[in-house]
Amino acid sequence: MNRKGGRRIGVVTAGGDAPGLNAAIRALGRCAIDAGDEVIGILNGWTGLLEEGTCRQLSADDFVGIVSHGGTILGSSRTAALQDEVGIHRLLAGVQEARLDIVVAMGGDGTLKLARKLAEHGLRVIGIPKTIDYDVDYTEICIGFESALSRVVEALDRLHTTAASHHRVMVLETMGRDSGWLATLGGLAGGADMICIPEFQVSIDDVAERLLERRRIGKQSSIVVVAEGCDLKGVFGDAPPLDGVGHPLLARRAIGEHVAVAIERLTGSETRSTVLGHLQRGGSPVASDRVWATRLGAAAADLARSDRRATAVAVRNGEVVEATLSQLTEHRRVVPESLYELSRRTS
Amino acid sequence: MNRKGGRRIGVVTAGGDAPGLNAAIRALGRCAIDAGDEVIGILNGWTGLLEEGTCRQLSADDFVGIVSHGGTILGSSRTAALQDEVGIHRLLAGVQEARLDIVVAMGGDGTLKLARKLAEHGLRVIGIPKTIDYDVDYTEICIGFESALSRVVEALDRLHTTAASHHRVMVLETMGRDSGWLATLGGLAGGADMICIPEFQVSIDDVAERLLERRRIGKQSSIVVVAEGCDLKGVFGDAPPLDGVGHPLLARRAIGEHVAVAIERLTGSETRSTVLGHLQRGGSPVASDRVWATRLGAAAADLARSDRRATAVAVRNGEVVEATLSQLTEHRRVVPESLYELSRRTS
Amino acid sequence: MNRKGGRRIGVVTAGGDAPGLNAAIRALGRCAIDAGDEVIGILNGWTGLLEEGTCRQLSADDFVGIVSHGGTILGSSRTAALQDEVGIHRLLAGVQEARLDIVVAMGGDGTLKLARKLAEHGLRVIGIPKTIDYDVDYTEICIGFESALSRVVEALDRLHTTAASHHRVMVLETMGRDSGWLATLGGLAGGADMICIPEFQVSIDDVAERLLERRRIGKQSSIVVVAEGCDLKGVFGDAPPLDGVGHPLLARRAIGEHVAVAIERLTGSETRSTVLGHLQRGGSPVASDRVWATRLGAAAADLARSDRRATAVAVRNGEVVEATLSQLTEHRRVVPESLYELSRRTS
Amino acid sequence: MNRKGGRRIGVVTAGGDAPGLNAAIRALGRCAIDAGDEVIGILNGWTGLLEEGTCRQLSADDFVGIVSHGGTILGSSRTAALQDEVGIHRLLAGVQEARLDIVVAMGGDGTLKLARKLAEHGLRVIGIPKTIDYDVDYTEICIGFESALSRVVEALDRLHTTAASHHRVMVLETMGRDSGWLATLGGLAGGADMICIPEFQVSIDDVAERLLERRRIGKQSSIVVVAEGCDLKGVFGDAPPLDGVGHPLLARRAIGEHVAVAIERLTGSETRSTVLGHLQRGGSPVASDRVWATRLGAAAADLARSDRRATAVAVRNGEVVEATLSQLTEHRRVVPESLYELSRRTS
């Protein structure tokens, strides 16, 4: 125990930023400070533990007005480089340096796995699931997903009017390198006519055939949603393989643009693509993300006062519950076939 | 069985309108028609069964573009007048007149109870929970609630800036005659400083005391959220009881305005009230309402092909499940104390 | 001249808060500081000149991130109490106390008239027009109006879906005690069927007749927009005059509710009212308010370096120009008949 | 003169779709029909005059509810292919075939120039300026621009939170092949730190220098807005010229991505790009576009009853006025240096 008789709770946000993180930080902070604990913000993701001066004690004033702000007041960074033994030990040293009794880690798969490793090395940690990809298992809620989903749906609402006015095919590329949740639920809610995701392979010929079929029955515009990492057979057609081109731009190539080129080639319909990109992460969190982030953050503050060494919070059956880091990280949550099928049945 | 070898599925939306109903109608309609059934829209709520010419067969074209539209393409009306034996028999006669094999009823407590009574009289019915009050029990999702919640949060975001600029207390009145869900979760997500709901009594003196306490620690503006039916002791102060006044305007009096008057009297702080009213129901559904409405509507179409006589769909553990009408209507879902407490802890 | 060789420019925001003020403060501040002047924020409206410690020097950091924030970082207050000779002299003393060389005043009719009086007493002032009522004359742009207008239109979009679903008349009350701009342009853009404003008298019987006519041609729902101060003959019908009732609530009565009661009485149609109130002022400014506020603020910074004693900025012919305080305050801008007529022709 | 004693007014929307067109069509339609004229919708842009069955008489019902809808109920298409003599004569034949007395053409530079040519061949035409690029001269308002501008600003608001959370440079590419209005005013209103447009050349080294300077003074994130056609010297660095690569994707390359690559190379800062693309055109029009589109459409209906042979409507000094097609098409409106400078001074 440290001075004031309370704990020193470190809090870190890592991986891509997501709307709702500030609501979780605020709830955690207010509940913990209220209970006599200190809350130490680890700045700029896990790397904040590696450099001096990048931890800072948070006070009540830090939480005023942030519930509606996107991003994270703590800053964030990617975690990949720290997952090895060397990284783990540097982080543990940083925790000791900052005299933290426990670390609350808000993040997705990478962050929670890192938290798990740190726990295996004796650190007290509490994980909070956050990812706009919705691919953390076990929990019904991942902070940020509903906000990102709402951006996808809003984009589709807008693309519909322009697609209809010009009798075009519009392709929207959503985030989701390994996971089709944003594309599937976004497409379902946004009235997409075809959805391509990593979990289920379709061929570009199937896509074209469906669009042609729509044209035959008089539908002159269509909307196709593709996840960043969709499994789309034949999309590159006879084009030279991109990796061989060597142009730095192509390192940033977007699948949505390839899909649009291929659709235009196969159907003759004018086709345009839009890559939603970072617009999915930014801005004010929707109500649902704020509510659940608040509930999860408060639950983490409560758990910090227990004797658990390594644990996590999650949402199950519409309630906040305690979970293990293994439950959250053992598997990736994938889109089930029934849901993917539903998106076809209702389109 | 009727012509085409399929069922004639009636669909009715009753009670207050809610964003997401059209997504449910669309999913039900597309899945049912796809399976060879006919879908008959009962217009303007249950009363559509009582008058000639107020049922109409829906076709694929009726569903185009409606997923993003608020309200209900079928129209709606209140159900109170039809809950007695006379009403029930008139409705059953209407069902027979329209030659419906089954009725899918989308509504809140009143609608689902009426559906249950109709079922007890032999009608095949399937209930779908819809209410912006979120007070239907058993199900984690009620169509419309998330959209209404987002309106409350958006309103609070706006009131914050004007409260801060003028050092005022702003009172926001939300819907919720018997239920504090919108006020509690809205206040939680919108950074309210005090929340008053039907489930837990507070006194206006407590409210005033808390606001004065905030002023003492330098917070010059505050936000108070009150549900329409909040249990707020002493709010009318020494004012004459309203029912005795006899002015027609007062039949439409809003509690929020009373609260503002009382706060100004007790604290001396300039206080303004806003009654959100019908703005909570209107407009385009948020992503989450569209997703779940689609899933619930499709599930109802599937159940219509089963041999169930009286059943319902609901969301449990983050999945669409079958439920009984009793499970949905036996109790009202109320805000639990822990959640109400959380709104105080994090404010 | 003071230290640094620059001017000490005071800046005050007074009257009701409006989206866009922060953009104007930011542009004024950045341009002035860039040019070597000092910028002193007068806090909480003109009253900030009367109390010690309510002026504070602004620095570059104060402007970061505020362009998107509603309200005013300086705070505001009403000006009515300061318009007499005593008030003027107290303010002049405050200016001297704060050693201000010039005051930039952002506000509506009241604020700009006060600025004019201060100028007549020798103070150097620059006025910037700001009002969500749009009733400041001469200028094509008043900071805040476009944002408030967008709230009105958004509200109407939402009310349409619920009106249509329930075959109701919906009454929306907008701000505008003496001015019908918000109601007229809001109604025009939001598809209102009838608009009542202070500038043109209509009778409640006319309103009812028009709604009945709509019903006769099969339009089952209607939207009526009324400005707070609309001139609506006969709206109180046989109800007792409100001022005699003496109930404190009635001091806050809203005309929209009276209109709804009267319409229901005269047409038999179910009618509901919504008072938009403070939601019109709050929240993030729309793009246009940010652009013009920025341009006006920067122009004021430039004028502060001139030798003008009393002047103002305005928008004419789509450009920022210099104006006199008289031009802005001599008359109130009222809705012209042709525009009001247009709202009837296009509805 | 045709039956009913009125004129047959054709209406066409051409070029890229833009929010607000439906408001203009509605106002034109209602006012014209009200005055006894017939309104004939020319479908899918000018090409609607070339094929049989692509003109259709509009009635009051066609205008219900469309004021809030994006796109155009008439459809649109590009006009480039019709600008030669052959095209003109085919169009004139189409006008005769459809027995139109006059054509109201809503569009940007291309459409209005085509209208001018048709007028030179004897057709009665009225032009209405519409372009999200805001590059039509003489008029203060182009339908669609304010809505597109609001999308840009909304995107920047979102990118700020993610830029700040990750200490990144975010590049946003807006539309504007020849015109920097969206980028300049969007950047001004959205708090961009650097803006690159076609009208003023800057070098990528200048951009990098400014970003490095920001980093030196502690600003760890920056926002750069680039118009699609910005004049950015040195942005391709040592990369192979793109046209030589021959990959079909590269025909759709976006300048924003090149800028991000170059900034990362020159500054070492992590940089991400977002191409806003079609999201700028779609969705519901903002209030201002609805108001002016309504006023312009109504004015066109009035002009159609005059004896003018070739004319146009525009906004000057905040009022709708008559203009000539030459005034609108002789020059392109470009961003003046003072405005571009302002964006630097206030950032």
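Note that the chains are named A, B, C and D in the order they appear, and that numbering of residues resets to 1 at the start of each chain.
One rule holds for everything that comes next: contacts are C-beta pairs under 8 Å (C-beta built on N, C-alpha and C of every residue); 3 or more make two chains touch, one makes a residue touch a chain.
Being a predicted model, the structure only gives us computed values, none of them experimental.
Engineer: Quickly list, by label, the chains bordering both chain A and chain D.
Structural biologist: none
Engineer: Taking each chain's centre as the mean of its C-alpha atoms, which one ends up farthest from the centre of chain C?
Structural biologist: A
Engineer: I want to confirm something about chain A and chain B. Since they are copies of the same sequence, is their interface symmetric in residue numbering (over half shared, so same) or not (under half, so different)?
Structural biologist: Same, since most residue numbers here occur in both copies.
Engineer: Between chain B and chain C, what is the separation of their C-alpha centroids in Å?
Structural biologist: Chain centres of chain B and chain C, defined by C-alpha means, are spaced 34 Å apart.
Engineer: Could you state the distance in Å from the CA-based centre of chain C to that of chain D?
Structural biologist: 30
Engineer: Between chain B and chain D, what distance separates the C-alpha centroids? Give it in angstrom.
Structural biologist: Spacing between the chain centres: roughly 41 Å.
Engineer: Hey, what residues on chain A touch two or more of the other chains?
Structural biologist: 157, 160
Engineer: If you connect every pair of chains that touch, what shape comes out? Choose line, ring, star, complete or other.
Structural biologist: Contact pattern: a closed ring, each chain touching exactly two others.
Engineer: So which chains end up touching which?
Structural biologist: Contact pairs between chains: A-B, A-D, B-C, C-D.
Engineer: Going by the contact rule set out above, which residues of chain B touch chain A in the complex?
Structural biologist: For chain B paired with chain A, touching residues are 23, 26-27, 30-31, 34, 65, 67-68, 140, 146, 149-150, 152-153, 157, 160, 185-186, 188-191, 284, 286-288, 290-291, 294-295, 297-298, 316-318, 342, 345-346.
Engineer: Across the complex, what residues on chain B touch chain C?
Structural biologist: Listed in rising order, the residues of chain B that touch chain C are 13, 16-17, 19, 44, 69-72, 75-77, 151, 154-155, 157-162, 164-167, 170, 239-240, 242, 245-250, 252-253, 257-258, 260-261, 272-275, 277-279, 281-283.
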